[in-house]
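Next come the structures, one after another.
Below are two complexes that have subunit A in common, paired first with subunit B and then with subunit C.
This part shows the complex of A and B:
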């Protein structure tokens, strides 16, 4: 009973927040609503016994995306002087009513189908679960990501690299320029905060990577946490955009894809299929490479720059 | 006998969140909304810790740890915003 009430509060809160995010006339308030939506969403994942997703939602949804939206808002203001107010125009009732009704029917239909399906584990999941001990990792999510659908994970890294390349093309057309400097003099607290949070982000990233073998965690969450530390350094002006990527940055950007492909080919001459893992060490090697690539890609996407350098 | 205590704590914390949403919704200044959002972060951490104990999912403590760390980023991103907008409703 209490559990049901709790889930109801979370569900209603989510829908209300989503509405306010989309319908809000004030852009800043919509951004805050979106950040809060990320918080409640991770609570929903927690209630669904999916701590992996809660971790990812916390790292990406609430942390980096929130900072990215706030900085975008800041850039808009520097560009235009004021942020345009949206959503003020009235919409025709003839348009909104049927659209809303159709959407509600669609959701109701989907929900009905989902509820009437038998709650049995599917064949693929059952097989993966049975053969998990062969992988050498006890966290089923890591096992599936690197063992049973390694090809998908490899291509996801390709997508991340392609996203960065695409952002570079756009950025070279419309230079967003450097991040606008803080409006205030830097307070002494910023230095103290950085010296505390940045090492902790490194520590937590390594911890999540290591925990990924037996508990929720792994390269994606760890990479996002490490990127959060880098984003913090960008926000406080410790790192600034460079004109082009340095050699180290280029190497780290492709490291994940290269190491993953390389290890995937190792077992090929022995008659094993492509991307067969030679052992647990390979999983940790790949995860480490993925973590570094993901973190750097995210920071560079955040800074909209081809490379970063220390501000002197 | 005490198994209702943890879920009840969770409910009270969630109701706190709902009340906090009103502050985010009404504002009036950007700083009010931001502070309410940061308060949400702390309450979410508390809810996650309660869930971790009640649902027996220890990994949720890691999620709480992450939220504590990431709140710093949001607040720094906000503090860097230009001052002129604080008055904007």
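This part shows the complex of A and C:
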């Protein structure tokens, strides 16, 4: 009964938050609603017994995406000198009505077919459970991401690299102005806070990576947490935008893709198929490289800069 | 070892992209040469293997499907891979001048170009619906910044619009994939067919409808083409060439794969091919008329892409050997001719400083080679003999005639007439003479201009040669015909 009530609250809350996000009075409140939506969504995943998704949703969906949206809002403010409003033109009936109708139709269609779906489908996921022990890890999500469907994850790293390259192209053509420096630079507590929070973000990231073998966690969640530490360093003015990515930054950015491909290719001369994992150590090696690449990409996207340097 | 060639096609450009991210001139050069120049050799070996042994699968990581992901190479995949290697290679050679390694623009350009190449190769080889989603994402996210590299406000706006619509398309596609996985328990394109035959129902029909909607949007099929003209017309020349010749075809290729290979012949969603044909016919006429009304050369060519994609969908309900040959030939000849046109347009834009048709008088004196390339490619786009485009359209007419599809036949003829009209309009604009004084030859006198024109000319000549050098290509293509199409 309590479970049902909780589910109902989450479900109603999600719809209400989604509505508030779309219908927000201004961009800022819409962003806040979106972040809260992400947090509640992660609760929904937890209720559906998908802790990995819950972690990813909270860290990436709400955390990093929220930070990206907020920093974009701040930049728009600097650019336009005022709070951007959701203009009247975006509320035109011509756009709202067909979009709303199409969405309603889609939801109705999905709801209708959901009733006809088998409750316990016999999927490849069943097979993954059975053969998980061969992988040497006991977290099925890590097993799928780094083992059975490692190729997908590898190409996802390409997507991440493309995202950074794309941001670099746009930023070089239309350089976003530097944000005003933080007002609290001289406050001694900021340094104390950073010396506490940044090492903890590193610790949590490494823990999530290590735990990913047997419990919810892994490179993506760990990378997002580590990126949060980097975002904090940017926000407090400890790091600032550089005109160019340094060699080390470039190496870290391609590390995930290069190490993953390298480990995958190494087994070819030995007669093994492409992307056959030589052992559990290879999975951790790849995940470490992925974590570093993911974290740096996310921080650079947040800073909207090709590279970062220490502020002197 | 053919399987290593398969891996090389994906991983050489991918690792090349990694190298090109590094800041040195040699690393970028090594990345580009290793990732692009190696492709034709790998493909030649692969083609021989396919001719000898037929189509085959490669299991990644040793995890057999449905658990793992398979790659699949067959003649259709080979055709697309060859197009990536040749058209992409020539366009890259053209881009080499504007995006030199060692310049800031070059450092940003080549990693994206190599990622795009790797992603397209991966897409044409993938046999897994979810993996195809990842490939589609990578293709889109690598292509969009390349459009923005033009740097103009129009280009960035067009890139942004493309990004938003392409993401919507990806999500809709992914929703369909999730439903199919639930219904059949597998993501493998070719294992799914049995499951579909057993569990067809509203869920799978909705899934295929969603997948079709996503792919039609990504493939810029009328009326979902709104993002294409500005995106393709405002990108840098070599990027426009690859976008029109290859990137939009990835979505069309997937429609072919899913409807002709995955979907069981008796599935009710096979009826969608009639809708595809109607959209194709509409695209043919709408794109043709809009191309005729444009004032800028690159926009004419971009709308011509909207129209020419129509042929590729029109062929779907015809289901015969002739129709299959027509489709393959249209893929190939449109790719070559359209890339040639965009490269030539880039040269003209560079020499004249404008691509407004009103400013293009006396191109025969100012950019004779590029105008010639444009005309040759135009022959193939119009479908005049002896070009590859002629062969494609002739086969298509024959297929439509045999099936007695008179409306499609009428659309085909009208589409070709419109194509002739807009190509001649470009040529007429280029040959105008308002001022009796002689103009200076801007490209024949400079070595760079000559080289850039030669790349456009090379692709245009290939599109023409495809017309009479067709027999061996048709033989290979015939070997890869989808199951339902081989019956007379």
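We adopt the following convention: the second predicted complex is superposed on the first by the 287 of 312 C-alpha atoms of A that agree within 3 Å, B and C clash if a C-alpha of one lies under 4 Å from a C-alpha of the other, contacts with A are read in each partner's own complex, and residues count from 1 in each chain.
The rule we apply is simple: a contact is a pair of C-beta atoms (placed from the backbone, for glycine too) under 8 Å apart; a residue touches a chain by one contact, two chains touch by 3 or more.
Worth saying up front: this structure is predicted, and the values here are computed from it rather than measured.
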Subunit B versus subunit C as contact partner of A:15, first or second or both or neither: neither
Partner chain in contact with A:122 - subunit B first, subunit C second, else both or neither: second
Touched partner set for A:270, first subunit B, second subunit C, both or neither: neither
Touching partner for A:63 - first (subunit B), second (subunit C), both, neither: first
Which of subunit B and subunit C A:228 touches, first, second, both or neither: first
Partner chain in contact with A:39 - subunit B first, subunit C second, else both or neither: first
Partner chain in contact with A:149 - subunit B first, subunit C second, else both or neither: second
Contact residues of subunit A, present in both the subunit B and the subunit C interface: none
Of all residues in subunit A, those that touch subunit B in their complex: 2-3, 5-6, 9-10, 13, 16-17, 20, 26, 28-29, 32-33, 35-36, 39-40, 42-43, 46-47, 49, 51-52, 54-55, 58-59, 62-64, 66-67, 70-71, 73-74, 77-78, 180, 182-184, 190, 193, 197, 200-201, 204, 208, 211, 215-217, 221, 225, 228, 231-232, 235-236
Touching residues on subunit B, where the partner in the complex is subunit A: 4, 7-8, 10-11, 14-15, 17-18, 21, 24-25, 27, 30, 33-34, 36-37, 40-41, 44, 47-48, 51, 55, 57-60, 62-63, 65-67, 69-70, 72-74, 76-85, 88-89
Residues of subunit A that touch subunit C when the two form their complex: 109-110, 112-113, 116-118, 121-124, 126-128, 131, 147-152, 155-156, 158-159, 161-163, 165-166, 168-170, 172-174, 244-245, 247, 250-251, 253-254, 257-258, 261, 264-265, 268, 272-277
Subunit C residues within the subunit A interface of the complex: 3-4, 7, 11, 14-15, 17-18, 21-23, 58-63, 66-69, 104, 108, 111-112, 115, 118-119, 122, 130-131, 134-135, 137-138, 141-142, 144-146, 148-149, 151, 156, 175, 179, 181-183, 185-187, 201-203, 206
